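Multiple structures follow.
Here come two complexes built around subunit A, the first alongside subunit B, the second alongside subunit C.
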Partner chain A sequence: MTGIDEPLRRRIAVVSAGLRNPSSTRLLADRLGEAVGRALGDRGAVASVELVELRDHAHDLTNMLHTGFASPELQVALDAVQGSDGLVAVTPIYSGTFTGLFKNFIDVLPEGALAGHPVLLGATAGTARHSLAVDHALRPLFAYLRAVVVPTGVFAATDDFGHSQGVRQDDDVAPLADRVQRAARELADVVLSSSRPPAVDSFDDPTPFEQLLRGGGPAR
Partner chain B sequence: MASVLILTGSPSTVSRTAALAGHVADDLVAEGHEVQVLHLRDLPAEAVLTADTAHPSIAAAVRAVIAADALVVATPIYKASYSGLLKVFLDLLPQSALQGKAVLPLATGGTVAHLLAIDYSLRPVLVSLGARHITTGRFVLDAHIDHRSGGPVIVDDATIACLDRTSAAFRAELRSPDAQLSALAAATA
Partner chain C sequence: MQFGIFSVGDVTRDPTNGRIPTEGERIDAMVRIALKAEEVGLDVFASGEHHNPPFVPSSPTTLLGYIAARTERLQLSTATTLITTNDPVKIAEDYAMLQHLSGGRVDLMMGRGNTGPVYPWFGQDIRNGIPLAIENYALLHRLWREDVVDWEGKLRTPLQSFTSTPRPLDGVPPFVWHGSIRSPEIAEQAAYYGDGFFHNNIFWPIHHTKQMVGLYRRRFEHYGHGSADQAIVGLGGQVFMRKSSQAAWNEFRPYFDNAPVYGHGPSMEDFTEQTPLTVGSPQQVIDRYAAMRDHVGDYQRQLFLIDHAGLPLDTVLEQIELLGTEVVPVLRKEMAVGRPPHVPDAPVHSTLVEAAGGPRDVTVYADTDAVTGRAPAPVR
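Moving on to the complex of A and B:
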C-alpha cells in the first residue's frame, strides 16, 4: 500500500513501430507518451515514460522468431512493455493495417503477456483514408491479447499534425491534439483504477515464446 | 498454363505451413502450371527489415511477385492473425504488386477458433495490394499436417477433401477467361 507522503508511481511504456527517421509515428508516440504522463500527473500520480523504438530491435526480433530467444537489449524492451502499468502502442499503417515490424513484436510476446493490460492504440498514415485501421485491424489483435484497450484510438494522417487544438476541421473530426488528450485521459483513468498490482509480475503465467515455438501453439 | 508463386510466411525451419504449401504446389504442377516457392524466412533478414529493395535477393523476390500470374500466400496463424514475417515482406512490395492476379490464401493454426483469421486479417491486406480475385482460402489445423515424416502431408481425410476443393477452385480460376485476359495484358504491358 502507498503511504500518505509516498506518491503513486506508474510506469508507461510507449512502443513506436515507425520505420523512417524522422518518423511521424514516433512523433505521435512521443505526443501520446507526454500526454499520458501529464494526465497521470493531473491525477496525482508520478509517471515514468519509457520508449521502445522497434526499429532498433528489428534484427533481434527476427532472430528471436527463428531461435525463440531474445537478445539482452530486446529482453529489456520486452520487460519494459510487460512490466509497465500501461502501454501506448503506435504503428504506421501499411496496406490498411499494422506493419510487419509491429506484428513481429506482438508475435514474440509471451502468451498472456498483455492480458488485462491497459493499452492506448495509435496509428499514422499518409492520408485519412485509412482511419478505420485502428478499429478494424489493431483492436482485433489486442482483443486476442485480452488487453484493456481504451475507447479512443488515435489515428493521425500527415495533415493532422499541423492543426491546432480546439479548432474543428471541415469534416467535424476533433483535431489531433484534442484526440491525443482524450485518449491520454482515458488511459490514465484505466491505469489508476486498474486492480492489477503495479509493476513487473502483473501477468499471470505467460507461455514463453521459446515454448510456443517448440510446441507450435498456445494453450488450446 | 499459369506461373504461380507460392509465398510461405513461417519463421520455422521445419514448417507445417511450408508442408501445406508443398501439398498445394503438387496439385498445381500436376495440372501443368509453372510453380515457384519462396520461403520468406530464407530472405536476408537485414534487407527485408530495412525494405532494401536494391538488395539482389529482395529485388529478385519482388520481381517474382510481379511476374507471377497468380500467388498462393501461406501463413501460420500467430496471435489470431498472419505472421509478422509475412507482413514484413508484403510491406516492401509496391502498392499495386498484386494487381490483376488471382490469390489463394492458406493458413495453418493450432486452434480452429482462429479459422476466421484468413478472412478478417489476411484477405483485407491482399485486397489492399490490388489482388484481382482472391479465391476461397483454407485454414488447416496443425495437428492435421505431418511435416516431418516425408509421407503424406495431410493426415486427416476431411481436411484432404476440403483442401482438394480449395485447390480445384483456385486452379479453375487460373483457367478462367479473366485470368487469361490479365495474363495477356501483363504480357503486352
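Moving on to the complex of A and C:
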C-alpha cells in the first residue's frame, strides 16, 4: 500500500497512428487519453499522459526495420510505451484492418514488451461498416502480444463526431462520449489493480554463467 | 592495440556499373585484401563464415591457411566462427591445425550467425542458439585443454576417450573472442572464461556498444580475471576515405544507398551520425575512432569493414593503404596516450606461451589400435 502522503502515480502512453493533420484518429486518441487521465484522477491517482504520434516517426520506423535500431527520437517513443502503466492504442482502419504504420510500430517493440500490459484499443474509419475491425483485427494482434486488453474497444466513424446520441434515433449504440468514458474507466481500473513487476534489466542483472551452463536460460 | 580488417566475403553487384564479381574473383580479392593489410602494417585479417549465397567464405581455415602461407606477421582471425552450427570437435581440430601451420598466428571470434536456415541445414534448431553457443564452446574449451575428453551434453552426441588432434601449438590454445551484438549471455560467457569480447558495432549506436562492453567488463572482474579495465575488448568499424570529405561522400553514396543490410533504409547522413560508419577524410576517421575509447574504455582490437557493398577491389586496396599509412599510425599514438600500463594488449600466441611458462610439446603419442583407432594411455 502507498502511504497517504505519496500519491499513486501512473503513466499512460497514447499511440496515435493517424496520418492526416488534423486527424480524427488523433482526435479520438486525445479524447481517450484525457478520459483515462480523469478516470485515474477520480480514483485518487495522479496520471501523466504521453502522446506518441506515429506519423512523426514514419521514416524512422522503416529505417529500424532495416537496421534493427531506433533513432534517438523513436527510442523516446518506444521507451514511453514500454515505461507506461497503461497504453491507449488508436489506429485508422485501412483495407479492413490496422494500418501498416501502426503494425510497424508494434513490430519494432521488443519481444514481450506488452505482455501483461493494460491496453485500451481504439480505431477510426470513414463509416461504421468498419466498426468490428477493433475486435476482429486489433484484438487478436494484442492477444498475440499477451496484452491485457479492456473489454470496451472504441470505434469512431466520421459520423460519430457529429452525434451526441446513437447514430440513429432508435440506435441502441451508446454515443461516442459514453463509450470513451466506459473504456477509460475500464482501463483505469486495470491499471490500478495491476502491479507490473519491475523490469529485469539483463545488462544490470545478467543470468550467472553457471546457470547458463546448466542449461538454465535467463528468466523470461 | 591491434588494428585490422574484417571481411564478410559478400559477392555484391557494384551499383555504379552493374559489375558483379565471380566467386573466384571474390575469393581472390579476400586474399589480396589480407596481403595488403600485412603490407601496409595492419595487424589482423579476419574472415567471416557463411553457408549461403551471396557469401564465399564457407571454409575459413582453408582461406586463412592459404593466407598464412603467404604472410609472415599478420594475425589471422574469424568474424565469426559459427559456434552454434559447427561441430565443436571440428573447430578444435581445424583451428589447432591452422595454429600449427601459421606459427601460432591465429585466434577466433565465436558467433552464433544470423541466417536462420543455416541452423536446420546443419541439423540444428535456431531456438537453441544461445544453448548451442554455451554448450559447444564448453566442449571446445575442454578439447583444447584436456588430452582425453569424456563428455556428454544435451545437443551433441557424447564423446568417450576422445583426443582432438593436433594438440594446440606449444600446449597453448588459440585466444578466443566472443562476438555478440545484443545478447548479454554472450558477454557473460566471454567474462566467465576470461576470453575477449568483440562488439561488432558497425550497424549500431555507440550507447548500445557501451552497454554490452560495460556488462562484459564488470563480469570479467566479477569472475576474477583482473580489473574491469583489463578485460579484452574489440570493436568493429566501417570507413570510406578520400582526401576531401566531399569526394568521399560523393563516391561512397551509391554504395551506401544500395548496400546489403542498411541500403534503401536510413540516409547516409543519419547512419554516419548514429553508427561508427565514417565517410570523410583520413583525419575525420582518426578523430572519430580516437574517441571510441571515451565510450568503451581502452580497448585492444579495432577491425574495419571496408570491402562490402560492391566496392571494387582497387578502391578497397586504396582504403587499406590509407588506413595503413595515414590513419592507423596516428591512432596507435593517440590510443597510447593516457593508456594505463596495467591495461594489457590483446593476447597473441607469444604472450600466451610466456604466460603459460614457455612452450610445451603436448603431442599425444599413441600406439594406434588399427582396428578401433583408439589410443591407450600415453606412455612417455
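The criterion applied here is as follows: the second predicted complex is superposed on the first by the 190 of 220 C-alpha atoms of A that agree within 3 Å, B and C clash if a C-alpha of one lies under 4 Å from a C-alpha of the other, contacts with A are read in each partner's own complex, and residues count from 1 in each chain.
Here, a contact is a pair of C-beta atoms (placed from the backbone, for glycine too) under 8 Å apart; a residue touches a chain by one contact, two chains touch by 3 or more.
Note that the structure is predicted; figures quoted are calculated from it, not measured.
S.K.: If we overlay the two complexes on their shared chain A, which of subunit B and subunit C does A:N104 touch? Say first, second, both or neither.
M.R.: A:N104: touches subunit B, not subunit C.
S.K.: In the overlaid three-chain picture, which partner chain does A:T62 touch, first (subunit B) or second (subunit C), both, or neither?
M.R.: both
S.K.: Just to be sure I read the superposition right, which of the two partners does A:S131 touch: subunit B = first, subunit C = second, or both, or neither?
M.R.: In the superposition, A:S131 touches no partner, neither subunit B nor subunit C.
S.K.: Check whether A:Y144 is in contact with subunit B, with subunit C, with both or with neither, and answer first, second, both or neither.
M.R.: First partner only, subunit B.
S.K.: Who does A:S194 touch here: subunit B (first), subunit C (second), both, or neither?
M.R.: neither
S.K.: For A:S71, decide between first (touching subunit B), second (touching subunit C), both and neither.
M.R.: Only subunit C; A:S71 stays clear of subunit B.
S.K.: Could you look at A:L19 and tell me whether it touches subunit B, subunit C, both or neither (first, second, both, neither)?
M.R.: In the superposed model, A:L19 contacts subunit B only, not subunit C.
S.K.: Examine A:L213 and indicate which partner it touches, taking first as subunit B and second as subunit C; both and neither are also allowed.
M.R.: Both partners, subunit B and subunit C.
S.K.: Contact-wise, after the overlay, does A:Y94 reach subunit B, subunit C, both or neither (first, second, both, neither)?
M.R.: first
S.K.: Of subunit B and subunit C, which one contacts the greater number of residues in subunit A?
M.R.: B
S.K.: Name the residues of subunit A shared by its contacts with subunit B and its contacts with subunit C.
M.R.: 62-63, 65-66, 213, 217-218
S.K.: With touch defined as at the start, can you tell me which subunit B residues reach subunit A in the complex?
M.R.: Residues of subunit B touching subunit A: 11-13, 16, 41, 45-46, 48-51, 78-91, 95, 109-111, 120-121, 124-125, 127-129, 142.
S.K.: Can you name the residues of subunit C that touch subunit A in the complex?
M.R.: So the residues of subunit C in touch with subunit A come to 130-131, 134-135, 138, 154, 184-185, 187-189, 191-192, 203-205, 208, 211-212, 214-215, 219, 223, 261-266, 270-271, 274.
S.K.: How about subunit A: which of its residues touch subunit B in the complex?
M.R.: Against subunit B, subunit A makes touches at 19, 58-59, 61-63, 65-66, 94-107, 109, 136-137, 140-141, 144-145, 213, 216-218, 220.
S.K.: Where on subunit A does subunit C make contact in their complex?
M.R.: 62-63, 65-69, 71-72, 202-203, 206-209, 212-213, 215, 217-218
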